[in-house]
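Structures follow.
Two complexes, one shared chain (subunit A), two partners (subunit B, subunit C).
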Partner chain A sequence: MWHYWWKILSAIIVLATIIFGLGTPLSPGIPAVEPDRINNGVTSLTIKGYNTRFTDNPDAIKVWITNGDATFCPYEKTVVDDTHIRVTFSVTEKIADAFFDLYVNTPREGTMYLPSALLQNGLEVSLNPDEGDDCISTVSAAADAFDFPNQPILNETIRNVFYHVPSWFAMIFILVVSLVHSVIFLNKGNPLSDISAANAAKVGLLFALIGLGTGSVWARFTWGAWWVNDPRLNGAAIAVLIYLAYFVLRSSVNDSEKAGRLAAVYNIFAFVMMVLFVLILPRLTDSLHPGAGGNPAFNQYDLDDNMRVVLYPAIIAWFGMAYWIYDLKNRMEKMKFKQIMKDDY
Partner chain B sequence: MITKHLNKIIVLFLSFLAVGAQAQTNTDWLENTMFQSGKINVVIAVLGVVFVLITVYLISLDVKLKRMEKDRKNEET
Partner chain C sequence: MRKEITAIFLRDLRMEWRQPHAVGSILLYIVASIFVAYLGFKQVVDVQTWNALFWIIVLFAAFNAASRSFSLENSGRRIYLYTLARPEAVILGKMLYNAFLLTVMVFLGMFIYAGVIGIAPLEDPDWLALGVALFLGGIGLAFVLTLISALAAQSDNNLGLMAILGLPVILPLLLILIRFSKNAIDGIAWSANGTYALQLVALALLSLGLSYILFPYLWRE
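Take a look at the complex of A and B:
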């Protein structure tokens, strides 16, 4: 039983990342404001909070909107309930941009921020606008609690980081396994290495499909479409096609010795292309994905510390799960191969 | 084995297609479900995708293993 330990450990860690990934609360935030435009003159708005408790200390709540350098304060503010505030703004001054950013500061939740919350409607846009009121409180952080950041648009879906990102890591890991077996095959010429390489690539394809599927669902409800022309998405699709060509090549040559050699050489090429299309090219251009010009999963500005605590174990655990699935498939195919060999001689 | 159940599979597939078509004409339902409560249902859907794809893979592995076992049995007899 002892050699099962890493499989059981991986499964337990995956379960733990599901429990902690779903169970940890989201920090308070402002997902929306209605209506989302501000008129010349008086505008009444309803600010919606998420996981907020506005009624705790309604008098201490500060609300302001900014436009360029200018700040505007509401002249009326009513806390409706824990998640709703009604505010009335009177804006007649010249402004710098089309969009206003919204800030809400409370003693309990700290400063919550909704960028581009309001679109101007009938206001005069000027290069040198007048400075507005100065009612802002100092920007403060929420009281220490173990929670995940509440990002505009993303909201609760930020948890998908624990289930979408590790599948790509698992794919890269299992394709490295495939690459290693291909190199061993080229050195030693043992057909079992060729079988291992092909099986690892197949499991890699499974995790690529999981990554594409989860990403597609996530994109539909945050970016608005099942597929967007993002360099990282197109790169991943090209990588999948490159690996599909590996299977076509491997099965299209009748002589198994020759097929193995061709496939192993192509696999090395495919791995390099995968690294290029999935890891390098998307970082050189603007992308909807985080981390253009850096390592998103390891960069201190792209990932919250509390999320790291769940994401890193999830990545390790999915390495284990990927290797487990590969191991099952590999043992089966090797057994089949040995059976065929026995029958032939 | 699969050919025996082929008509059942086709019926199942068509019924899924019909449900899918229904959902297509009524995307409001989908959007309303997904956008409520801070989009938490998107996370559930993503977990569902992971689970379904791994399960489909395991089933295909199972089918292959079954075929191997069958071949071996036939050779022995």
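Take a look at the complex of A and C:
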């Protein structure tokens, strides 16, 4: 009973990460503003809130836009409902950087921020700039709720980090298991090691496909395409190709001892090349993917503590699940192998 | 060890020299591919297309050349070699020979390619960087593909398996190579482009080391 505690533990943690990962609300944010352009002169905007309760204290809400040089306050502000505010700005100045960031501060939600929310249209030089910073407020929210950060482009898809990232970690982990068995096979020549290596590679392929699937869906929602030409993504595709080739090689040689030897050599060679490509190369070139080309990955400011609480156990639990699947498959295949051996002699 | 490597290198060179049709077939392969590309494209002006097309042609020629390095050895000759030389010497000799062959092929191919497809993109290239790219390209392709060809030679379906096994493994090298030589053709400064050369050298050395370690397991039967 007690020697499979890790199976129970990982199953419970995976269940918990699904419940907490999907059930925890996002913190309030402002995902959109309509229209996203601001004209010289008077412009009315509707700010959309997400998980916000603007009607709680409508008078305390502060709204301002800034482009770094100048800050503008709305001269009219109406709270429509919990998730909509209508504001009217009067911008009569053209400044070098025409992109404005939008800030909303409320006593309940703290400061919410939408970068590059507005683009200034037209060119007009004003005689009396009407900037003022009397509307800027730094009232911070009472941080009592357990929630996930509301990032501008990610929005709700930020939860995918709990499933996409662990699937790649689990893949690397189980492929290392495969590699170790390949090395053992080359040194000892025990056919059971070869079976273990192949099964671990199969499970690794499964996790690679999960990672590709979750990543593809995520890319569609954040970058706008199912697939982009990016070193990290190409590396993932190459990893899948390598392990498909590994299975072709194993099955194309009839002599199982020789097939195992060829496959083990290829496994080691290809693994090193793949790790080089997936982990190292994207860091040297530009990439959309987090963790490359100056893009933030997790472990930095944009992954907050609430997410770590879910992500780190999730990674451990996925390791456990991957090893469990591999273990089941491995025991079955080894039994089959021993059965064949018994039948032969 | 060094004597064994040189002996194998010279043996392969002599074998190639005695059967000129073998080298000729690779050269013909390149020329035919370039001619097909010419029929399809006429002249290519765009640098990116010009560069990528060249490396794709070279890639398939390299597959062709490398796949011969072990499939030519019939099993009797293989056993003879096995008794004479250490496996490490065999793989290093073969790799060096392939590197030599492919580097010559790449440079020759570049001349023919530029002549047929057009020299319009070569307006103001960094000649030194382009030369380094061709040189490292030939060596890198040869180093990675030699072990793969040793693998494929032991299976029953040699050429098909060579492509399946080799393509995913060669892709990292090829991507760096294409970017490096495009930058060289664009005349980008060495200070910005040099990292790619270092990456190519690192990849070549890595595959050299891995082949050195892994090949003895393939060789004993």
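Criterion: the second predicted complex is superposed on the first by the 317 of 345 C-alpha atoms of A that agree within 3 Å, B and C clash if a C-alpha of one lies under 4 Å from a C-alpha of the other, contacts with A are read in each partner's own complex, and residues count from 1 in each chain.
Following the convention adopted for this analysis, contacts are C-beta pairs under 8 Å (C-beta built on N, C-alpha and C of every residue); 3 or more make two chains touch, one makes a residue touch a chain.
Small disclaimer: the values here were computed from a predicted structure and weren't measured.
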Q) After lining up the shared chain so the two structures overlap, which partner does A:I242 touch, if you call subunit B first and subunit C second: first, second, both or neither? A) second
Q: For A:V275, decide between first (touching subunit B), second (touching subunit C), both and neither.
A: neither
Q) Where does A:R261 make contact in the superposed view: on subunit B (first), on subunit C (second), on both, or on neither? A) second
Q: Please indicate which partner A:N234 is in contact with in the superposed arrangement: first for subunit B, second for subunit C, both, or neither.
A: second
Q. Just subunit B (first), just subunit C (second), both, or neither: which does A:V176 touch?
A. neither
Q.
Which partner chains sit in contact with A:V253 here, subunit B, subunit C, both or neither? Use first/second/both/neither.
A. second
Q) Which residues of subunit A touch subunit C in the complex? A) 186, 231, 234-235, 238, 241-242, 245, 248-249, 252-254, 258, 261-262, 264-266, 268-270, 272-274, 276-277, 281, 284-285
**Q.** In the complex, subunit B residues that touch subunit A
**A.** 34-35, 37-40, 42-43, 45-47, 49-50, 53-54, 57-58, 61, 64-65, 68, 72, 75
Q) In their shared complex, at which residues does subunit A touch subunit B? A) 18, 22, 26, 31, 50, 154-157, 159-160, 163-164, 167, 206, 209-210, 213-214, 217-218, 220-222, 325, 328-329, 332, 335-336, 339, 343
(Q) For the complex, give me every residue of subunit C touching subunit A. (A) 144, 147-148, 151, 154-157, 161, 164-165, 167-169, 171-172, 175-176, 179, 195, 199, 203, 206-207, 210-211, 214, 217-218, 221
